[in-house]
Structures are given as C-alpha cells and as structure tokens.
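Each chain carries a letter (A, B, C and D) given by its place in the written order, and its residues are counted from 1.
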Amino acid sequence: VLTNASYGKSRVRLVQVARHGDRHDLSELTIGIRFEGEYDDAYVAGDNRDVLPTDTMKNTVYALAAGRPILSPETFALALGAHFLDRNPRLSRVRIDVTDYAWERIEGGHAGSAFVRRGPDARIAVVTADRHSIVVEGGVADLLVLKSSGSAFSGFMRDELTTLPDTDDRLLATAVTATWRYQDDHVEFNSAWAAARIALLDAFAGHESASVQHTLYAMGEAVLARVSGVASLHIVMPNKHHLPVDLSRFGLENRNEVFVPTDEPHGLIEATISR
Amino acid sequence: VLTNASYGKSRVRLVQVARHGDRHDLSELTIGIRFEGEYDDAYVAGDNRDVLPTDTMKNTVYALAAGRPILSPETFALALGAHFLDRNPRLSRVRIDVTDYAWERIEGGHAGSAFVRRGPDARIAVVTADRHSIVVEGGVADLLVLKSSGSAFSGFMRDELTTLPDTDDRLLATAVTATWRYQDDHVEFNSAWAAARIALLDAFAGHESASVQHTLYAMGEAVLARVSGVASLHIVMPNKHHLPVDLSRFGLENRNEVFVPTDEPHGLIEATISR
Amino acid sequence: VLTNASYGKSRVRLVQVARHGDRHDLSELTIGIRFEGEYDDAYVAGDNRDVLPTDTMKNTVYALAAGRPILSPETFALALGAHFLDRNPRLSRVRIDVTDYAWERIEGGHAGSAFVRRGPDARIAVVTADRHSIVVEGGVADLLVLKSSGSAFSGFMRDELTTLPDTDDRLLATAVTATWRYQDDHVEFNSAWAAARIALLDAFAGHESASVQHTLYAMGEAVLARVSGVASLHIVMPNKHHLPVDLSRFGLENRNEVFVPTDEPHGLIEATISR
Amino acid sequence: VLTNASYGKSRVRLVQVARHGDRHDLSELTIGIRFEGEYDDAYVAGDNRDVLPTDTMKNTVYALAAGRPILSPETFALALGAHFLDRNPRLSRVRIDVTDYAWERIEGGHAGSAFVRRGPDARIAVVTADRHSIVVEGGVADLLVLKSSGSAFSGFMRDELTTLPDTDDRLLATAVTATWRYQDDHVEFNSAWAAARIALLDAFAGHESASVQHTLYAMGEAVLARVSGVASLHIVMPNKHHLPVDLSRFGLENRNEVFVPTDEPHGLIEATISR
C-alpha cells in the first residue's frame, strides 16, 4: 500500500534583476515545489504518462519570473501554485516553499545596481494549495538573538540526576525560526512580514524571561497582538547555551562576563500560538 | 491558545567504550529527546515547577550509558523513553531520536581497540512512546548509491514548458533516507536493520528503473518482502542529477561516459509503503 | 627529518559581556592559537616536558578576557601573543587567528543588553609574532556582493575548447575575503578596519569591471589609497557565476533579468597588492 | 605592486563511467585548477587578451575525460597540467587539485554497474608543474580514527593556568589529513596510495602514544618506511577530544567507559616528515 507519496523539485535557485533605468531591484529566491495527487501508477507500475517532470517545474519558475518583477515571495509562490493546479488535473495538492535572501544597496556611486548581502536571517514563505483552499505562510529563519540581562531559569523540577543550579541572570541566546499563517491570501505581505519580524525582536528584547518557553510564548503573543493579518504562528527556538567559565581555578572572578558559547547539545523548544 | 508545544534536548553526543579485556566495543550515538505533556504553565506563566531541565535529559543519557553496554540504538532509546515516562507524571509523550555512527576495527596489531569510521551513511532509530503505546523505528540516512545501467525516464507528461528529452539510459544517483516501523518492540533490531539495508541496496541495484518513483517503490517492497519484523517504511530519495556533458562542441562524442554531478536543483521523491 | 611542525588550539569560542550599568557591550570571538618552536622531542621521543597543553592555551583565552573589555580583535590577539612568548622559552613563533562576529543592538526597550546578529560577513584579525617582530593583519571574510551593471568579460584568449561568449553586461557576484597587513601594531584598528571595509564596498560598486581580476585590483588600490595604516592586502574572490536562463525555449525573451546563481564550479581569483 | 596573483576554476565536478560490457568502472572527481603567470595586464589594465577563461579550464576537464578511462587522480592531474602548459605561453606554473570519492560495487544482481559510496575519507592528489619541474602529491583527507587503549598524555609543562590532569589512558581520536610527495611522476600511484593509507592506519593502531605529536610522527615514519615511492609527507591531525563524563555526581562510577565527543575547541597538530 502506497501512502504519503509526493514528488517535486528542491533548491531551484533564482535571481531576478528588475531594471528601472539605472536603479535595479534584486531578488534572490531558493524555491521548492512538491506535488501530491493521483500519481500511484508511476510508483507501482513505472507508468510516467501523468508525471510532469521535475525539470519542467524548474523551467516554470524561470518562465514565471520573466517580465514581471517579483513583489514578494508569497505572491510569487501563489502564482506558481495556481499555475501548477491549472494545468495538472491529477495534482490534488501543491506546496511551494520559498527562501528569500536579503540584499541591500551599497551606498555611493553605483548605488542603484550594487548590493551587499544582509543576513544571516532569511525570509521564508510557504504556499499550500489544493482545489478548495489556499494557505499562505510567512516567516523568518535563523534570526540569531542574544540578551545579557532579563533572563533567569530557576524553580524547576529536580530529580536525582539534576545537577543544574538555579540562575537568576543568565545569557539567553537562540536562533529563531518562526512561521506564521496569514488570515488569507490578500494580506499586504511585505508590511505584515516586516511588522512580525520587529514584533519578534521587540518581544525578545523586552521580556523578563523565566525560560525559553516563557519567552517563546511572549514572542508569539506579540506577533498576534501587533499584526492583525496573522492567524497563528509556530516558533522553534534552540537554547544556544552560553556557559559561564569557572575562572576561580586561576584565582580570578567571573563577574558574569566570560562565557563559552556552545552549539551542542542544545535545548530545543517549540510551540504553535493561535488566536 | 498554545498547541503543538514540545521541549527537549538535541545533539547529545555519547561515545561508549565497552571493555572486554583487550577487545573493546565502541558505540557513537547522537541523541535527541523531546517531551510533550502538560507543560503549558511554563510557556504562559513562566512557572518552571514541572519542567525537568533539558540539562537533566542530557545527564540521563550518560547515566543510562554507565555500566551497561549499548546493544542497539533501539534498545537504548527504549530505555531512555521508559525512564522519562516513569519519572515525569506530566509527560504524555516522549520521542527519542538516535543517530548511530559506524566504526569498524582496524585490522592488525591493536585490532581490539583501534577503529576507523565507516560512512557516509548512518543508522537511525526513533522511539515514540506514550502511556499506552510504543512505536519503534529504525532506518538509514545518507546512503549514497548510483547505477550506470538499468535506468530510464521517458513517456512522461509534457506541457509547453517541458524541454527534457526522453532517455532510456541515464545515470541514477540518490542519497537514500529510509525509516521503517517495526512490528513491535521485541524485534531483533540489529539483524533486522542489517537485512533491511541489504534489501534496499539489492533492490536498487537490480531494478529496471522507469523513474525514481518506480525504484523507490521497488525498494520499499523489497524490505517488506524480506524483513518480516518491518510493518511499513517511509523512503525519501533526492534525484541527484548527473548531466551528460555536451562534448560535440569540441568535436568529441560523449558515449554516455562523461557527466557533471549536480547538487541543486534536485528532484525529491518520497512515499510510505505499508503491508 | 621533522620540519614545519606546529601545534595549538583551534576554535576556542569566547563571548564577553562588558557591563556598563544597563548598557552592555558584547564581543563574540572564535580564536585559534598556533605554536612553533623547539618541540621536536615531543614528536620524536614522546617527551612532553616542554609542551604547554593546548588545554592551557584555551584557559589563557578565558583568563585574559576576565576583567578587561576587549577593545578590538587585534589588541586581544596581541595580548595573547605576548603572554605566550613571555612564558614559553621554547616558543619561537606564535600565531593568533581571531574571527569576530558582529552583533548589533535591538532598538527599543532593553536596547542596552539585547542584540541581533549581523552577517554573513565576519571581521578577522591575525597576529604573528616571534622574538624580533610582530605582524598584525585585519580583514573581512564572506562579504557577499553583487552588481547588476558595470561588469563585462570580453576579448579574452580563445582556444579550441573555448565556448564562452563575450559579454558586455553580466552579473558580477563574489564573496570577498580580504586580509590586510597593518603598517605596525599601533594603528587605530577599529577605525582602520571600518575604513577598509567601506573602501572595498565602494570600489566594487563603482568600478567599470572588465573581469574579476580587474575589479579585485581596483578594490586593493582603493584600500591602499584610503587607509594609510595598511601596508598591503591579499584578496581572494570567487566568481560566483550567475547564468542567464535561456527563455527562448519557451517563446520568452530574457532581457538580462532572470539568472541561475551557481556555487560550483566557480572561478577563483586572488592577488596581493602592496604599496 | 601586484604579487602572488593566481586565477583558476574550483569545484569542477566530474563523473566518468568507463563501460567494459556489463561491467562499468566509476570515477568521481572534484577538480581545482590554478594558473600563475604573466597575467598582470588583466588585473591592472583590464586587458583580457592573454586570459584563458576559467570556463575553458572547466571544458578542458571534460574534454580530457572523453574516451580515456581515468586510471588514477594523479595521472589525470598530470594530463591536465601538461595540456595547460603546452597551450598557454604566459602560464608559468599550474596547480591541479583533485579529490577522488570512492564508490564500491553493490554485490549481487547488477553488480557490474551499481555502486555505493564509501567514506567519509577521500583520496586527494595534487600536481604542481612549471616549465622545469613537476611535483606529484597524493594523500587522504578526513580519515577518522579512534583508539581506546595505548594513549596517554602526561608529564607536560605546567603554568599557573594549567588545569589539565595527567592521564595514562585516554581516548585518542582524530581526522587524519595527510599529503605525501612522490619521488617522481612515474610511481605506481594506486598501489603506493593504498600502501600509504594502510601504513597510516597500522601505525595509528599499534602505537603506544604519548601525545598526538608522538603518534603523528610515528605515522609519518611508517609511511616512509613502507612506501619507497614517497619522499616526504605532511600530516595534519586535530585532537578530537573525548571528555570522560563525571558520573560521580549521580553516585555512579565511570570506568573509562562513557565519553562526550567534542568538535570545538580542538587541538591541532601538524608536521612534515622527510627522509
């Protein structure tokens, strides 16, 4: 029995230059496309008759990028999804994933057409569409943030293997990946996206944190409170531990100043917050 | 409203040396632990009273690895899952992910205690347990395979953006990630795992492939046919395209011999096959 | 015969929080330390008597970071180098490599102690010191830039395997890694570094480029012209090719708008430019 | 003043299938090409007249791979180097870097043309040639090895920041990267390479190690003793620390059985050993 079958193309890379005289707009997107539908014959019998090649999916990305400036990753994903549903009768559900890398203009001489990459965080958009409904999501990946005050972790459950001490002043660092679901597909995506990103940063900065869980929830609440076009959001936050160095071995005092940042192991906290 | 909340520890790394005189057994595991349960107070109110620290989850891995040789990643994951369910009344569901890296003995002098890493594929195991049931999965990640005969892709659907030619003899290359669900938690995991891996390789090598989808299904069928302890499996296979180089530009002929392997874009095919 | 022997510690990670009331300064450095000297007995005879453990090198990083704000990666590297030369009579030459990751303040509420990572480029510093001389280098790694006008590549040598067409308007994209040697160890490193980075960006943006080689040289000249404290610099620039998509296969025209960015293969250009 | 200028193409990927009836031989190489010579006009004046495009370098790889089975990465690199020196009068020195990824046959049905990747270590070859001389190097990268007996580190120098205890029984783990220089360009490269790799493994396994330095030297000596075609070799070995877990906090004893493998920081040891 065959279930959960899907096929598609991943890591289709696109750079579009929209030329308005000397002033150019630059978009860099990496796109994934996934088809689900009545394609069992391809798996079971090797019958390709109804299979649109993934190479054609790639071609479609480039054809849809010709002659029309990409206004947002969400609208481009919507156009791709609609195109595929229109032409593929056996396609029941299509998912378009977009990562949008930010470039900002280099100031000065050739400012209109010279860019420097800004990161490390990236914008993400996901469109999932079937014959009856469309879901549009936006988000941010790898938004690295750190706060050096306003973060504690204490009063937790202890068992015989618990050695962690209570702390009322620790470094809190994480790489936020958040994906929010828009109320519908007519939201002004660019302004909503920018507002949601700022809400995440503000809430992280201003929160009196009792734990990563606590701050994650506050960040989700902030997005819902500030951005009316967002219906719900899912946030994933690793706890990128920063361990205070024991300087007493050298006759020195660590006044909460010297830390070892570590990548592994790390805590991993996630949740969906909805209206 | 808070939903889909989980927290845990990722990338807990463990090396265990089981010493039997001069002959040592070596296990290297990377472990992830995820808790779901009645922990909403931590998110909403910053109340940590019922929160077992993820640092304790890490300690538990090391405590359970003391004095008992790890016989398989599945049994170690089962022990961890049972330990956490026993001691955490608010825990409703725990998931343990294990990646097991293979080391083989270096032959010769100190053969009993000197090892060389074998890869790039790794063994994986997943245990998901709640108060009523336990699901044990095994699998393999990043099993890179390539075949230079017995692979075609033709007769597919064409639209106005389709430029791919039919081919009856192409290179087929992929990195198999397969996860299979065992019938129960009393299977002989090590022999079942080895049999499943061989079934995947054999089916890939011997299949007359009409597409990646077609071969993926044949590989799934082979595992179900040969390994009775497996109830179902999910397979993910990127199509790692190898493009024939057009040598005619140099007055040379490419007799299906010279290819450019590419990483992006790539096809991505997946499915679950069940009895 | 033993030559070119060195030993040291790599990837020592340090976060320092300098607390000035509610306003904190944050430094994140990754440090490498390499010793060369009269250590042959350790290699040849297993005699560790004169070997300072690499674990102690790591401890030294943390001890020197205690109680003194890190003013620049160069001054911190100078302090480390001097410390090691002072205490290790058999050390003839020490090299300290520093990567400095930028964090900027999150505006608003807790602005004094909440940060967001800025990238993807990083600042680098290298100090190489022996008993007679000190060389200080600064630099930047992974500075991604792209220009969509003012870049050509034509009139090049052709042989029978050359298929590349001339172009007078191509996308030029690269990831600049530049390392410059300061005139001495008393330069104002932070302002010199900022001036050099801006000179690189300006020269890249404003140059009428005949090739990557041509632009690389212009960028080097700009740094030497604008930053008096720099004696010479070495620049490495991959040519991150952006291939125009052939849309004519779909009956569409590509007005130099739609490109595939590629990572491999890539050109790789490097040179040292000195006064 | 312009010095140390070079240009070339990196990450040219090639798969060659040599078809002998039903039995195929598979080579996967990633190749880098670097030119040095009288190319200053390109940098300084944007004059491309003598610049062979890096795109042509890439084409040359594919043209030379047509119709001739690749017998070894060294011989393929020699052919590339000779080709470029022959046709480029301004080229004074060319360097060819090759990484060769191993595939082994899948046994059974289609054994002649189905392969599984073996790793994680890779074979490397480097040819550096000018108008007067040719240097051929072979090597291995990322050969991960670990030994759980026969490794100590004690009696080292101590200063006031040294906290590391002496140990007479520790885990020793490293990722060997070794590059050896062949006596000339007529060595039987494949058998010499295999013999050198085995010598490295044997020496690692059998050595009573007083330190990484000590074992590195013994490994170098072993290659020189066993492989007459090797003139010298450079070895780089990170010390991939495995830290014993302090189980006494849980009332348990760690009988040198339970370790945390760590990636950072790591020791880094290197040396050249010559006859």
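Please note the rule applied: a residue touches a chain if its C-beta (ideal position, glycine included) is under 8 Å from a C-beta of that chain, and two chains touch if they have at least 3 such contacts.
Values in this document were obtained by computation on a predicted structure and should not be read as measured data.
On a Cα centroid basis, the chain most remote from chain D in this structure is A.
One inter-chain figure worth recording: chain A and chain B are separated by 24 Å, centre to centre, where each centre is the mean of the chain's CA atoms. A separation of 37 Å divides the Cα centre of chain A from that of chain D. Distance between chain B and chain D, defined via averaged C-alpha coordinates, is recorded as 28 Å.
Multi-chain contact residues of chain B (touching two or more other chains) are listed as 13, 59, 63, 161, 163, 249-250, 263-264. Taken chain by chain, the contacts link every pair, so each chain touches all the others. For chain D in complex with chain B, the touching residues are 13-19, 22, 24, 26, 28, 59, 62-63, 65-67, 103, 106, 108-121, 143-150, 171, 201-202, 204-206, 242, 245, 247, 249-250, 252-262. On chain D, the positions that touch chain A within their shared complex are 160-161, 163, 249-251, 263-264. Those residues of chain C that touch chain D in the complex are listed here as 1-13, 32, 34, 39, 42-56, 58-60, 63, 87-88, 153-159, 161-164, 209-214, 216-217, 234, 238-239, 263-275.
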